[in-house]
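Here come two complexes built around subunit A, the first alongside subunit B, the second alongside subunit C.
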Partner chain A sequence: MTTLSQVRSRISWPNQKYLPVLATLSLLALMYGVGAANYEAFGDAQVVLNVFIDNGFLLVVAVGMTFVILTGGIDLSVGSVVALTTMLSASLLQDRGWPAFVVLPLVLLVGSALGFGMGCIIHYFDIQPFIVTLAGMFLARGLCYTIGTSSIPIDDPFWVSMAQSRIRFGDYFVSPSVVIALVVVLIAAFVLAYTRLGRNTYAIGGNPRSALLMGLPVARTKIAVYTISGFCSALGGVLLSFYMLSGYGLHAVGMELDAIAAVVIGGTLLTGGSGYVLGTLLGVMVLGVIQTLITFDGRLSSWWTKIVIGALLFVFILLQRVITARKR
Partner chain B sequence: MTGISKEFPGVKALSDVDFRLLPGEVHALMGENGAGKSTLIKVLTGVYDIDQGQTTLDGTDVRFSGPLQAQQAGISTVYQEVNLCPNLSVAENIFIGREPRRFGMIHWSQMEKRADALLERLQLDIDVSAPLSTYSLAVQQMVAIARAIDISAKVLILDEPTSSLDASEVEQLFRVMRQLKEEGVAILFVTHFLDQVFSISDRITVLRNGRLVGEYVTRELTLIDLVGKMIGKELEVLEQLEEQPKPALAALERGQPLIEAQDLGRKGAVSPFSLTIHKGEVVGLAGLLGSGRTEVARLIYGADKADNGQLLVDGKPVAMRGPRSAMGHDIAFCSENRRTEGLIEELTVRENIILAMQAVRGWTRPIPRRRQDELVDKYIKALDIRPANPEAVVRNLSGGNQQKVLLARWLITEPQLLILDEPTRGIDIGAKAEIQRLVAALSDGGMAVLFVSAELEEVLRLSHKIAVLRDRHLIAELANDDEVDADRIMETIASGARA
Partner chain C sequence: MTTITRLAKYRLFWPVAILVVLLLSNLIFTPSFFKIEVRDGHLYGSLIDILRFGAPLILVALGMTLVIATGGIDLSVGSVVAICGALACWRISEQGDQNSVGGVLVAVVMALGLALLLGLWNGFLVAGIGIQPIIATLILMVAGRGLAQLITDGQIITINSSPYKEIGAGYLLTFPVPVLIAIVVIVVSVLLTRRTALGMLVESVGGNAEASRLAGIRSRRIKLMAYVFAALCAGIAGLMISSNVSSADGNNAGLWYELDAILAVVIGGTLLTGGRFSIGGTVIGALIIQTLTTTIYTIGVPPETTLLVKALVVTIVCLVQSPSFREKVFKGRRQRPPTPTAPTSDAPTKVEVPA
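Presenting the complex of A and B:
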C-alpha cells in the first residue's frame, strides 16, 4: 500500500503542485504564439520587454499581494497606497522641494506603516482582511485629495533620469524599473522558499488553527505579510511615478483588482497556502500580453482587455476549484 | 512518572482523581462522555490549571502553564483531528518552526533526510517532499506523531486517534504505538472503541462523572466488566417515574413500515445497517458514545449523505438530498447540539418555533402573524414552556425549556417521523420526565419516533424496539419486552453478538 502510494506520489504529484503555474505558462506561450503568428512585429523580443516596462509597477504590487493571498487574506488597499505614494512623492519633491534621497525612503516607510497598521488590526481585533483593507483603501485614496486634487507633474532630476534612462543590451532595452521589479520578484521567491517567514506564510494559509497549535508565530507572520504588501505597494507607487512622472489621486484606480487577477491567474489559491511568485510574474505577463495583443489588433477598444481578463479569471478560478476538489 | 492527583472543586470536572502513567506502557483512559477524560488530558498538558493536587514527572513536581511548556518537559499530544498543514510537505510538517538552517536559509535536503530517518523509525516509507494532503489520514496521523516525538519523546498522548481510520490503518497505528512502547515512551490512549483498548493497552483507567472508578490491568478485565464500570450501575435517574404502558409490539409490526433503511451506510461514519420504523413506533438507539448513534440518525435524516444502500419512505425509495428533502418527507430531526445545530439563540421563542414550518412552506408564503401566535401559544401550553412568553429570547431559557422550544419547532410541522438525538441531555429531571411523557404521547398519537440517548434506562422506558450499536455497527435489534433490561443491553454491547 505504502509503496504504491509512494510510486504514485513520485509520478503524478509534483506535476499537480506546479499545475496552475504550468497552465499559466502554456496560456502565455499560446497567446504569444497567436500574436507572433498574426503580427510580424509581435515576434520581436522587445515586445516582451515592453510588457515588463509597462507593467513593472503592477508586478511589484502583485508580489506583495501574493504574500497576503498565500495566508488566505486579501489586500484591497494596494491601488490607493500606490496613488498615495505618487501623490506624496510629487508633493514633497515639487511643492516642498525635498531631495529624492529623503522622499524615497519616506514614502516607502509610509506604505509599510499603513500595511503594518492594517495587519495589526486584522490580527489583534480578528477582523476580516477584506473589510480592514477596504477601509485602508478609502483612507489612502482620501489622503491623496487632502494633498491635492489635481495631477502634480514631477521634474526632479532623479525621477526624470529613472524614467528616461534605458538599460541596453544589444538591440534591446529595459527601464531601471524593470530591473527593480525583477529583483523584488527574486527576493520574494527566496523569502517564500527559504526562510521561516516564508514557510510560516504557507502554513497559515494551509490551516491557521494548526499553525497556531504547532507553535508558529502566527501574529508576527500575519502582520509581516500586510507590511510587505504595504511596502510593495509603496515601491510600486514609486515605479509608477517614475513611469508617469506625476503624482495624482486618480492614478492606479482599480489596480488592486488587477493585482488580485494577476495573482489568481498566476495560480495562487485564493484560500491561501498554495502558489508561487513565479506564477504571479507569469500572471502579470498574461495581463500585459493581452493588452499588447489588443493594441496590435487596433480594431478592438481597450475595454476588451477587461473582458478577456474577466473570462480568464473565471477559467482560472474553475481550474483551482477542480484541483482542490481532486485533492480531497 | 508516578502519582498524579488532581481535584477540581466547584464544577467538579475531576474530583480527586489519581492517575499514573509508566514509561513503556500503553495506558487507555476510558469513560463515557463527560466523565472527565479530556479535562484530565488538558490538566496534564497544561491547558487547564490545577486547582488541587499535583503532577510529578520523573519524580519531580511539575506545573505547566501551557501546552508549549508541557511539550518542552516531554509531553506531547496528538489530537483527533490532525493539526497539521495539508498544503506543506511531510518533512515541513514535522519540522516547521524548527527547520534546520544553514546561513539563515532553510536547509531543505537536511530537513528531508531527517524526516526520512524519523519516519523510518515509525516504519513509514513515504516521499517526505510530497504535500501532506496527498496521504491518507492514517499517514497524516503518523506524521503528527513523528512531529510529536521529534519535539519530545517521554509522554505521548493520543486523543481519539483512531476515530476516522479504517481497520488496516488502525493496525498500522498500533504497530507504531507498540514500537514506541518498546522504546520506552509512555503512551496515553483515549478512545471509544472497546476492541482497540483490549488489543493495544496494558492498563486501563476508568473515569465516571469526574471520579476515578479504578485502574485495571487490561489482561484481568473482561469487556463486560469494562462497560459496566464505564456506565456505572447507578442508573437511578428517573426511577420515580412510572413505567409508560406500551402498546403491544405485535400490533404495530403489522402495518407497512414507515421508514425502511436498507444497508444504509457511510464510510467513516457508520457501516451499512438495516432498520425499519413503523407508524407509532418508538425505536431506541442504544450504544456507547461514538458507537454511531448520532450517525445513524443523521443518515436517516439525510444530514449526511449515505454512500451505500437506500432509504424507503412508505415503501418507496427516496433520495435524501439533505434536511430539506427529509422535511419534505415529513421527517423531523432534533439535533443533539441544541445550541450549535438547533436553536438560534438570539431569536425569540416564537421565531424559533416558526422557523421549520416556514422552511417547509417556502419563504414566498409567509405565515400570517395571527396564525403564528395561535400556533406558538398552543405549543407553549402543550409543552409547558416557561416562561410562557413567546417573545422571550431563547438564550435566556433553561436547557430543558430550550429543548422544548426545539421540539415545538418540529412538532408544528406535524412530522411522521421525529428523530430525537439526546433530547434529555443536560436538562433537569422534571423536564426530562415531561419530554419522555411527551414522546410516549406522540407515539400513541401515531407518530414514529427514533429516540437516541446515552441513558439506557431512558431508552428502555420509552422504546418499543431497541437497536444496539457498537463500534459503528448495528449489532442487534431487540424487541423491548419484559426480558430486556439494562444488563441485557450492556451484555449485547459487550459481546457484540446478535441477540
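Presenting the complex of A and C:
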C-alpha cells in the first residue's frame, strides 16, 4: 500500500530551491521557441552566440551584483563604475599613451578600490548600502565628467585586437570577451559553491545576526562582496570598452538596473541568502533574447525592451514573494 | 558662544547654515547676487531664479519626504516626471487649438490622473504585496522610461501653448507661478501632517510598521497614501518642467531626479530609516541643491563637477547621521582630550577617502 504522499514524493518534483531558476529556464526556452517559430533565421545558433557577444559586459557586472544581492545588499554604482573604467582606460591609453598592460590592471584596481571603500563605509558605519552606493554612483559619474565630457575613441593595438578577433569553431564564432565573461561566471559559481567565502556570503544573506553569532567573519565577507562587485564592474567596463572601442561618461547609463533585473529574473532572492550565478547567466540571456526578439520583429521600437523588462521584473518578484511566503 | 551651541541643537540649524553660507559665497563672485528688481511687472534676480528652477525639485522632494518617513523609498519619481510631462504635451499637441484653456486643463487633469494611478501601483506593490520599496519602485523606474517614450513615440514633442506655458514659466501678481504652486503644496502638506494626526501616524508607521498596526493604525493605507502623494507631487513637477521648456523628452526629463530628491530629504535631516520627518528641512535641502547647481554655473566651474560635489555631500551627511560613525569618531575625541588635534585631523580623511 502506498499512500498518496508517498506517490507524490516518488514523482520527482524539482527541489523548491531550484524553482526560480527553472522558471527562468522555461521562460528562456519559451521565448527562444517563439522566436525560432516566427523567424527562420532565429533558430541559427549564431543568434544565441550574438546574445553573448552583445551582453558579455552585462554578464560580468551581473555576476558581481549577484554576490552583493546574495548578502542582502544592493550596489547602485555598477553602471557608473563601468563608465569610469571605459573613460579612464581611454584617456590613459590615448591622451597619456600608457601601454595596455599597465592600464588594464590599473583600471581593475580602481574599480576594486571603489568597491572596497563603499564596503567599508557600509559595514563600519552601518549606513544602508543603497545610499552609500548611490553616492558612489555620483562619484564615479562625476569623475568621468572631470576626465572629459566627450567620447574618446580607443585605437590601442591590444584593445583593437580584442575587439576584432573572433574565436571560431566551425561556422560559429564568439569574441574573446565572451570567453572572459564565461570564465568569470565559472569562477564565481565555484567560489559560491565550494569556498568558505561563498558559504559565508549565503550565511550573511540568510541571517546576518546569526552569521555574526556563529563567529563568521561578517566584516571581511561584506567588504569582500562589494570589492568583488567593484572588480566585476571594472572588468565589465573593460569588456565594454573592447566592444565599443571608446570611453565615454555616458556609457552604461542605467546598467545597474539591467544588472539588478538580470539577477532578480535569474532567481536570486532580493532579501539575500538564496540564488545561483547560473541563474544570473540565464537572466542576462533572457534580457538579451528580449532585445533580439524586438530587433527581429522590426515593428516594435526599442523602448518596448524597457517595458518588457519592467513587466518581467514584476512577475519574477511576485514569484519570489509566493515562494518565500510558502516557506513560512 | 552659548547661543550658538543652543542654536546648533535646533534641528534645522545645519541645513539653514549651509544654505546661508552657499548664498553668501555667491556674493564674492557676483556682487549683484541678492539684487531683486521688478521688470515688466515680474520679479527678476538670481534668488528668484533659484526659487523658480528649484520649485519642481521641492515638490518631488516633498513627496519623497513622506515616503521616506514611512520607512520606504520611491525611485520612480524621475520616470513619473517624464511620463506626466509626456502625456500632457502629447494631449495638447493632439488638439486643434493648442491655446484653448479647456484643452490644457483636460491635459493637466489627465496627466495628474495618470500620476495618481502610478502612485497607486507603487503603493499597491509596497503596501499590498509587501515588496521591498527599493525594488517595487525600481519596476516603474525601468518601465516608466519606456512608457514615457511610448507616449512621445520616441520623439521630443514640442508644443506651442501659452496657457500651458503659464504653469512653468508664467507670473501671477509679479510672482513666478511654479513658486506659488510649490508654496501651496507645501502649505497644504504642512497643514495635513502637522495640524491633523496624519503626520504622527506617518511617523509611527515609519518608526515601526508592525507595532503601529498592532496599535490599530492602518499602516498599509498610510503607506499607500504616501506613495500616491509622492507620485502626484512628481506629476506636478513633470508638468512644470515640460511647460518651462514647452516640450516633453521621454528619455531625459527628470533624469536622476529621484537622486536629487533623496539627497534633499537627507540633507533636510529626515532619517532614511523612516520615522521622524521635517518638511521644512526638505524644502531647505532642495534649495541647497538648487543653489549649489546655480553657484557652480555662475562661478564658471565646469558643471560636470556638480555630481562630484553631490557625492561628497551625500557621504558626509550620511556619515554624520550615522550613529555608529558618531560613536567611533566623536566619542574617540572626547575620550582622548590631551591630544585633540590628532583625532580631528583623522575625521576628515575618514570622510573623504571612501567617498
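In this text, the second predicted complex is superposed on the first by the 314 of 328 C-alpha atoms of A that agree within 3 Å, B and C clash if a C-alpha of one lies under 4 Å from a C-alpha of the other, contacts with A are read in each partner's own complex, and residues count from 1 in each chain.
As a working rule, a contact is a pair of C-beta atoms (placed from the backbone, for glycine too) under 8 Å apart; a residue touches a chain by one contact, two chains touch by 3 or more.
Small disclaimer: the values here were computed from a predicted structure and weren't measured.
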Between subunit B and subunit C, whom does A:Thr195 touch in the aligned arrangement: first, second, both, or neither?
first
With the two complexes superposed on chain A, say which partner A:Leu216 touches: subunit B (first), subunit C (second), both, or neither.
first
Please work out whether A:Ile323 is in contact with subunit B alone, subunit C alone, both, or neither, and reply first, second, both or neither.
neither
If you stack the two complexes on chain A, which partner ends up touching A:Leu300: first (subunit B), second (subunit C), both, or neither?
neither
Scan A:Met118 for contacts with subunit B and subunit C and give back first, second, both or neither.
second
Per the contact definition in the header, classify A:Arg141: touching subunit B only (first), subunit C only (second), both, or neither.
second
Please indicate which partner A:Gly206 is in contact with in the superposed arrangement: first for subunit B, second for subunit C, both, or neither.
first
Check whether A:Val132 is in contact with subunit B, with subunit C, with both or with neither, and answer first, second, both or neither.
second
Subunit B or subunit C: which reaches more residues on subunit A?
C
Where on subunit A do the contacts with subunit B and the contacts with subunit C coincide?
none
Per the touch rule, the subunit B residues reaching subunit A in their complex are 67-68, 71, 82-88, 92, 96-97, 99, 101, 104-106, 108, 124-127, 130-131, 133-136, 147, 168
Taking the touch rule as given, give the residues of subunit C at its contact with subunit A in the complex, in rising order.
73, 125, 129-132, 134-136, 138-147, 149-150, 153-154, 250, 259, 262, 266, 272-273, 302, 304-312, 314-315, 318-319, 322-325, 328, 353-355
Could you please specify the touching residues of subunit A with respect to subunit C in the complex?
74, 117-118, 120-121, 124-128, 130-132, 134-139, 141-143, 145-146, 149, 249, 254, 257, 260-261, 264, 270-271, 301-307, 309-311, 313-314, 317-318, 321
Contact set on subunit A toward subunit B in their complex:
1-3, 5-6, 9-10, 13-14, 17, 193-196, 199-200, 202-203, 205-207, 209-211, 213-216, 273-274, 327
